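Chain naming follows the written order as A, B and C, and within any one chain the residues start at number 1.
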Amino acid sequence: MLGDCLERVRKTVPLVHNITNYVTVNDVANVLLACGGSPIMSDEPEDVEDITSICGGLNVNIGTLNQSSIKAMFLAGKKANELGHKVLLDPVGAGASKLRTETAVRLMDEVKFTVIRGNISEIKTLALGSGTTKGVDADMADAVTEETLDQAVSFVKSFAKLTGSIVAVTGAIDLVSDSEKCFVIRNGRPEMGKITGTGCQLSGLMTAFLVANDGNELEAAAGAVCTMGLAGEIGWANMKEGDGNSTYRNRIIDAIYNMDKATLDKGAKYEVR
Amino acid sequence: MLGDCLERVRKTVPLVHNITNYVTVNDVANVLLACGGSPIMSDEPEDVEDITSICGGLNVNIGTLNQSSIKAMFLAGKKANELGHKVLLDPVGAGASKLRTETAVRLMDEVKFTVIRGNISEIKTLALGSGTTKGVDADMADAVTEETLDQAVSFVKSFAKLTGSIVAVTGAIDLVSDSEKCFVIRNGRPEMGKITGTGCQLSGLMTAFLVANDGNELEAAAGAVCTMGLAGEIGWANMKEGDGNSTYRNRIIDAIYNMDKATLDKGAKYEVR
Amino acid sequence: MLGDCLERVRKTVPLVHNITNYVTVNDVANVLLACGGSPIMSDEPEDVEDITSICGGLNVNIGTLNQSSIKAMFLAGKKANELGHKVLLDPVGAGASKLRTETAVRLMDEVKFTVIRGNISEIKTLALGSGTTKGVDADMADAVTEETLDQAVSFVKSFAKLTGSIVAVTGAIDLVSDSEKCFVIRNGRPEMGKITGTGCQLSGLMTAFLVANDGNELEAAAGAVCTMGLAGEIGWANMKEGDGNSTYRNRIIDAIYNMDKATLDKGAKYEVR
């Protein structure tokens, strides 16, 4: 089933507008191309409404926000809402600074997001005002583990209900919920945390999945998470002696490029709660 | 002959000032180093006139333009013109937004470009105000094919005549013309479109070729196109099972790094019309 | 001994705030992760004081400075000083433009840097107002060679004394001095100059080493230089036919990822003068 979501991306080549950080932007673009989408980047307020209008989806990532790109996020987000486009929020570093937290909260107030995707500390910050964000990584104290899973599923469902968005919390165990159902996903490798921007890459990928799978957003979001995690597993299996995080980055994107429906359906590890 | 153009780059190490987008900038820098050039990036209005003054060429790419970098493009372009430097325009996404189209048109009015290089939709937009740009990629309807080749050659020659610039239209078949002659180039691989920024990389590379081959600009521009395309072919031949677009990116830059005169002269596939 | 410095990075996972250029930022982030640190990037004036407060060190790189990021550098630098954090200056292109030279000089006036790290032309510009910077690369005329070594060591010691900072000059021979002692380091490969940003990467890496080795800053800085240079040697040894500068970039970061205390202690080539 999730394999069909990927196949629809490859068939429809969704154009995705990214307002994203300059750290990981190149990888985001290559991941979008790898999965069959088409990326365009623009963060100038005077440019973004035109650009988002020709796209099917908008990926908003606050990883290196500035005064100008913040304006662009609001303009593009509202225009995308008007046009009924899919819109994703990646609140990078929410909880790490006042500006990041407030920008994410204001964005949630003024823009309707199809999906909010972050690590557990970022999402807790947005939900409770109390995550203990460690820079751009989740704090261990917040981590979703088998022990805290029931509680975490219920938290994610509630936050999805409150926001009216699909909420995707990614980490060792990933949770994707639309408030009714919650996908609990166990793909991925811990070594993915040693590559900058696997979260940002997933946000780009997920936006393409959302655009290509209209009316089937929950499965699309879960399919994107499984694709990224499974690519992390396949990429790791292709590592050779002497390889490290830089080669691993390439291997993961390569694995997305080569992923097909059958591989994804066979390799996706999830349950629905 | 084209191999000599490459050799002159390696011998003279041309310093190239790039005002380019933050998506593909790292690859542009590594491609410039791979071919024997030396890159410097600066897009701050107060900085660009000094920086461009110590360089031999300027590469202007509007891929992620903003109010500040637009100012910098005009300042640097005019200063480079004053100093008789080579200047290249890469109108990324012209046709996709009003700001991009207008900025490219205004740049062509106020700055004299040695070369204008883009995909067919971007160039049609600048020439006719009517390309059907799909994001940053050319629309299939505009594509240069064997069937539309005569018409395309004549279009490119006319636009070169009108602008007084060499015009380079890249795609499945590449055209490079100074209005009198048109190189028709058939190097490259379709899979290059699955890597972000091969066009941006070519623009950087081409600027280095222009600087190193003063008085021989048409051959220099064609030589850069053949180098990039042939590197795409060599890179592809070096791909192994499990490799994808991320590894392919590395393989192409590696192939440029290892390209020599003999390889280029043997592998370049072109005719002059 | 230097191996212990690396081991302390891996044990303590120092969080490093980077205000750096958009050309090489992705590699800086991956190098920080490779050595065991954790990177965060922010260059918005309203954001940087919060972000730097949660970090242990600040890496200031002026490679693509702009009016907004310059403000951020001063705000973050002063805040980091207040908090007793390690702060590193990488004066990319000082000598190549008035804005770069003046910004670096003003930063040295208003912010106390633990380390100033650059190529010999940049450092000479800051010390004497007379380096002959060739873009972002050192001019050959300035190069530290066996013939000019005594003079260079004495210059670096003097500049360290004058500034009260550790001064690290990197090139074919690297010098790291706190004014009393000077590490003369002979790790590395000339081919590293064919990759964009190995200097920027070293600055990120060094900041992590400084944070993790409080009270032992000179050894930490020297250890970072040896780690980077040795990774360049190991990465080069892992190159295969057809590989070029793009694969070499990955190989170097991979080598940092796999570096351990024993490898570094065995491979570090230095003397103390």
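Criterion: a contact is a pair of C-beta atoms (placed from the backbone, for glycine too) under 8 Å apart; a residue touches a chain by one contact, two chains touch by 3 or more.
These figures come from a predicted structure and were not determined experimentally.
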{"item": "Rotational angle, Cα trace of chain B fitted to chain C, multiple of 5°", "value": "120"}
{"item": "Chain copies touching (chain A, chain C) - same or different residues, decided at half shared", "value": "different"}
{"item": "Approximate Å spacing (C-alpha centroids) for the pair chain A, chain C", "value": "33"}
{"item": "Touching two or more other chains - residue numbers and ranges from chain A", "value": "22, 26, 249-250"}
{"item": "Sites on chain B touched by chain C in the complex", "value": "15, 22, 25-26, 29-30, 33-34, 38-44, 46-47, 50-51, 54-55, 68, 234, 238, 249-258"}
{"item": "Residues of chain C that touch chain B when the two form their complex", "value": "21-24, 26-27, 63-67, 93, 96-100, 134-137, 194-197, 242-247, 249-250"}
